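Lettered A, B and C in written order, each chain numbered from 1.
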Amino acid sequence: MFCVFFPHMRLHKCLLVMSHEAAAQSASLVFVCVHREHYDFLETLAPQLNGKVLVDVSNNLEKNMYPEANAEYLQRLIPGAHVVKAFNTLSAWALQNGPSDANRQVYLCGNNPEAKQAVAVISTKLGFTVQDRGSLSAARELEDFPLQLFPEWRLPMRLTVGLTAFFFFYLLTRDVIYAYVNEGKDISFRIMMSLANKVFPSVSLILLSLCYLPGVIAGFFQLYRGTKYKRFPDWLDRWMLCRKQLGLIALALASLHVLYTLIIPIRYYVRFRLAGSTISQIKNNKTSPFDTTMAWRTDSYYSIGALGFGLYLLLGISSLPSVSNALSWREFSFIQSKLGYLTLFFCTFHTYLYGWDRFLYVSQYKWYTPPGYMLCLVVPSLVLVFKLLLLLPCVDKSLSRIRQGWERTGPEKDSKKSLLA
Amino acid sequence: MFCVFFPHMRLHKCLLVMSHEAAAQSASLVFVCVHREHYDFLETLAPQLNGKVLVDVSNNLEKNMYPEANAEYLQRLIPGAHVVKAFNTLSAWALQNGPSDANRQVYLCGNNPEAKQAVAVISTKLGFTVQDRGSLSAARELEDFPLQLFPEWRLPMRLTVGLTAFFFFYLLTRDVIYAYVNEGKDISFRIMMSLANKVFPSVSLILLSLCYLPGVIAGFFQLYRGTKYKRFPDWLDRWMLCRKQLGLIALALASLHVLYTLIIPIRYYVRFRLAGSTISQIKNNKTSPFDTTMAWRTDSYYSIGALGFGLYLLLGISSLPSVSNALSWREFSFIQSKLGYLTLFFCTFHTYLYGWDRFLYVSQYKWYTPPGYMLCLVVPSLVLVFKLLLLLPCVDKSLSRIRQGWERTGPEKDSKKSLLA
Amino acid sequence: MFCVFFPHMRLHKCLLVMSHEAAAQSASLVFVCVHREHYDFLETLAPQLNGKVLVDVSNNLEKNMYPEANAEYLQRLIPGAHVVKAFNTLSAWALQNGPSDANRQVYLCGNNPEAKQAVAVISTKLGFTVQDRGSLSAARELEDFPLQLFPEWRLPMRLTVGLTAFFFFYLLTRDVIYAYVNEGKDISFRIMMSLANKVFPSVSLILLSLCYLPGVIAGFFQLYRGTKYKRFPDWLDRWMLCRKQLGLIALALASLHVLYTLIIPIRYYVRFRLAGSTISQIKNNKTSPFDTTMAWRTDSYYSIGALGFGLYLLLGISSLPSVSNALSWREFSFIQSKLGYLTLFFCTFHTYLYGWDRFLYVSQYKWYTPPGYMLCLVVPSLVLVFKLLLLLPCVDKSLSRIRQGWERTGPEKDSKKSLLA
């Protein structure tokens, strides 16, 4: 029989007909749904709870509110009971509606294996999947789960904010402030669309290349060390763990870039300028001839960009949990690596086509600074060059062997390996 | 040993070598894959089926075809057997290919716990997740599952159709019919694009605000009652349960609005008008000067709209089951609440920028009716104002305390609470 | 107790303190994480491994590297052990981080039920879902899983490449080469955008109609045979199995078509032509009048296209694993069938509107070939006509009865059916 201690008596009338002592006595499994502040009330029931399984489902309002985890505190109060921490990561929603639409995973921990087993059986019956996280000392970790707010997104978001701020102020200076200072023109209205549409793609391209840079660095590390069985430095490990987040932010910015670009022809400013150019052609009575190179260049630029964005979207879709779960490991790495580098190549090439031969003209280097698109081309170009180096037949062969477990060993390592043979 | 009764003998030769009686005798678990109309044939085997587990997998062609559920009817025919309703919600596809690509969930119900356990063991072995729905009286509910056609989408869809029809006829009257009656011009071609592109965003914005209105109302209810432990009225509960659907329809309409807007510059009508404006400027030999305020206003309008749509998409992606399952409760509510209100604010602001100072001009109120964008601003503006009220420090503090379980209690409630202490 | 044999001793110090023999002796479950080339080393431990459960987690670098599966080879080397193939389909990532973010499915096979049960228990404890694939002879299949590279996408991809190549060269000849040969104009720059934007929608529409053609063919087969209990020919079965992939590729091409279409107004070529048309109107001092039919036609064309693409996207979203899992069978077939045919109708109608009355003009049949859009209309039109035939009341009634299990039987079949009654 179960017994449930809820914080509010009048909601659970069953408990009113039985004294707390009788309830505690008769149940073998007790769900403690009381706020931590009221745990001391349970202490009075300690004799009746002796040998019982106490399921602690409590959560705190913020991290590190108390020196010890709620479940550990409960265990200390009633040393004779078997405290199991469970269900706290589930929302009330999931508990009420069953696991069909919400997270199925139930994490539990506790010091007594039988007690954990009893809770696991109930969870499975309710349709949840159980994951045992070990002894009660893991309770703190479990209690921190529902309080997490995108911990793995923090580093990529900070990087994004930093890069965005840098490009914004850099381009603001070069475009708006330069025009104001040198030509006395107020073109501040360009901030909303033109400037934003330069900042978004620049940051997006850099973030995308930062997804692939750690893989390239790891390759060089492995080549240099001659083994894959040495841990990477911590910064590289942490970097590799946030590649997915970097890629998704890059995709979001690329989508905004696409949207902002497609809005261009309905902008008042653009329509005004186009009409002005037509009017001036008529007034001066000379029409500019059609430039086939220009047509080729701009069409290629748009076409490559559209294909690159298509691949970008494909990468994003394949990183949806339900899609990536349906892929085999080889399929996932094909998409994320092969198609990923193709995306990076398309987007970098798109940016080079945008620049075209403009890097030759001195007028482009206002106040001796390079245009924004040049700055954002540095990292992706480096990544692509390094990747090409790794793809050279001789290098690729060594790296493949290392990744299959081969080691470039010194004499003392060989002796150890001979143990195996 | 299993035995399976299929509707067509010649497909299952194993059954032809054995008499029905022998088959029923030798198996401990019998899958009944016969149409309900043929159940009476099983009655003749009742003695052999005594004490056996009968798994009823049948479905009906429509709801309420029969007075009792198929499984209950089977149980009545063969009272000695243990009927378990199961597997009927799975498609033939899932049964043939295993649960890797399709729904893993198997619902079962029955009166005999051991019989249910036996079926549960088989389901688990086949890779499915089992959810026990209780006694055989739940069979009707299980038999209705495969016949469901988006029950939770019905209310939001009706609302959408109603709002769309209203805005369509309202705008048709104000735009097309007004122009025909007052100016004798036939601009009915505008129905396909211009009118649609006014209806979609109006309905979308209202639906989005209707996602957030029940939350605000619930807040005021809780403040007024001083407790969170009282049930909301039924209409509010039902409204809150279809917020996700409201939001997704709003997103679909917003996407159409974006698509229709981006198509604008390739429309024949728009190109004709732009060329006409250029030609008339030349003929009259006066060019309109560049209007910086206009540039600021329109660019802000587009930019805010694009950002709002980006956030909208983010909300949509995070409501995909596999994505929302990967989020902690706090993360999910951060996205759906904080980012949701930001989206609503952006989209409302976008609409205000569209209106700008036009509400000042009498010519806008054709036939004394306000333009469509004004009508659709009412609900979102109210929601944002109410939300701001709830965010006032003093109100927010009370509400937070109530949501953490605090109650503004009268004397008789206090006495009950003292039982806990 | 577990024992794990890893390829590198120095990484697993626990094993250094114990001889291999002692380790093998003391464990009841041995994880073999050694490359296949080193399996012979285990042969020396055969006596100690007698009666033990050996879990083979190995994978090969490519298919068909060895005549027998790794697990079967291991079983042959140590006949006294109970070899279970398992965990090889999981990535190192999933094993390290638990199943929360990656594929939960563990496939296992083996000849000894108790051994499999022991491995299943461990897998479940680790939070994985177990699927038993039968005896050890299934090991080869399991070892091929991680080496699979989109096997079900191969046929649709080949079809797509073939159709794309055909339409590309067909349109290249008719557009670019024709203009060069007959008029001496070089319009090769149109390859990047204009031509691509004709190839994508053509192939997309054909692929979409190929999704629905097999269903129509199957309907006629069932009508002709008078039963649903006869297997379809192999080619039809294989075709039906790749409908999802056909549809998703069609959606990808349709998205590119939308993107390429929306880019049109920012193209240099288009802006040049529009300015040129305005200039020539002024120079010739005659403005073309507004054509209401043209406005209706083009706006309908864009509007239908946008709605069709919206439905297309809906189909795509509903085929995401996590979304389709949340749908009942009836809901899924409503979307994929009813909405699918609506999408096909919208997209076909969109293409007819594009063509309009142009099929009447001889000038359209350059070099006596029909334009590309006519070619791509053949299959979808056929599918829609056939579907309409199947929807005729009398035909629909027969087909519904057949699909509910009714059979048009000859006398010898009737006698068999009477067995049931």
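Criterion: a residue touches a chain if its C-beta (ideal position, glycine included) is under 8 Å from a C-beta of that chain, and two chains touch if they have at least 3 such contacts.
By chain, UniProt protein names: A, B, C = STEAP family member 4.
Bear in mind the structure is a predicted one, so any value in this text is a computation, not a measurement.
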Copies chain B (STEAP family member 4) and chain C (STEAP family member 4) touch via same or different residues, half shared test: different
Rotation angle (°) superposing Cα atoms of chain A (STEAP family member 4) on chain C (STEAP family member 4), nearest 5: 120
Chain centre separation (chain B (STEAP family member 4), chain C (STEAP family member 4); CA means) in Å: 27
Residues of chain B (STEAP family member 4) engaged with two or more neighbouring chains: 100-101, 129, 262, 265, 278, 282, 320-323, 325-326
Residues on chain C (STEAP family member 4) engaged by chain A (STEAP family member 4) in the complex (per definition of touch): 7-11, 35, 38, 41, 61, 89, 91, 98-104, 125-127, 129, 145-150, 186, 188-190, 192-193, 196, 252, 255-256, 259-260, 262-263, 265-269, 271-272, 275-276, 278-279, 282-283, 320-323, 325-326
Residue ranges of chain B (STEAP family member 4) in contact with chain A (STEAP family member 4) within the complex: 100-101, 105, 129-132, 229, 258, 261-262, 264-265, 274, 277-278, 281-282, 287, 290-292, 294-296, 298-300, 302-303, 306-307, 309-310, 313-314, 320-326, 328-332, 334, 404-405, 416-417, 419-421
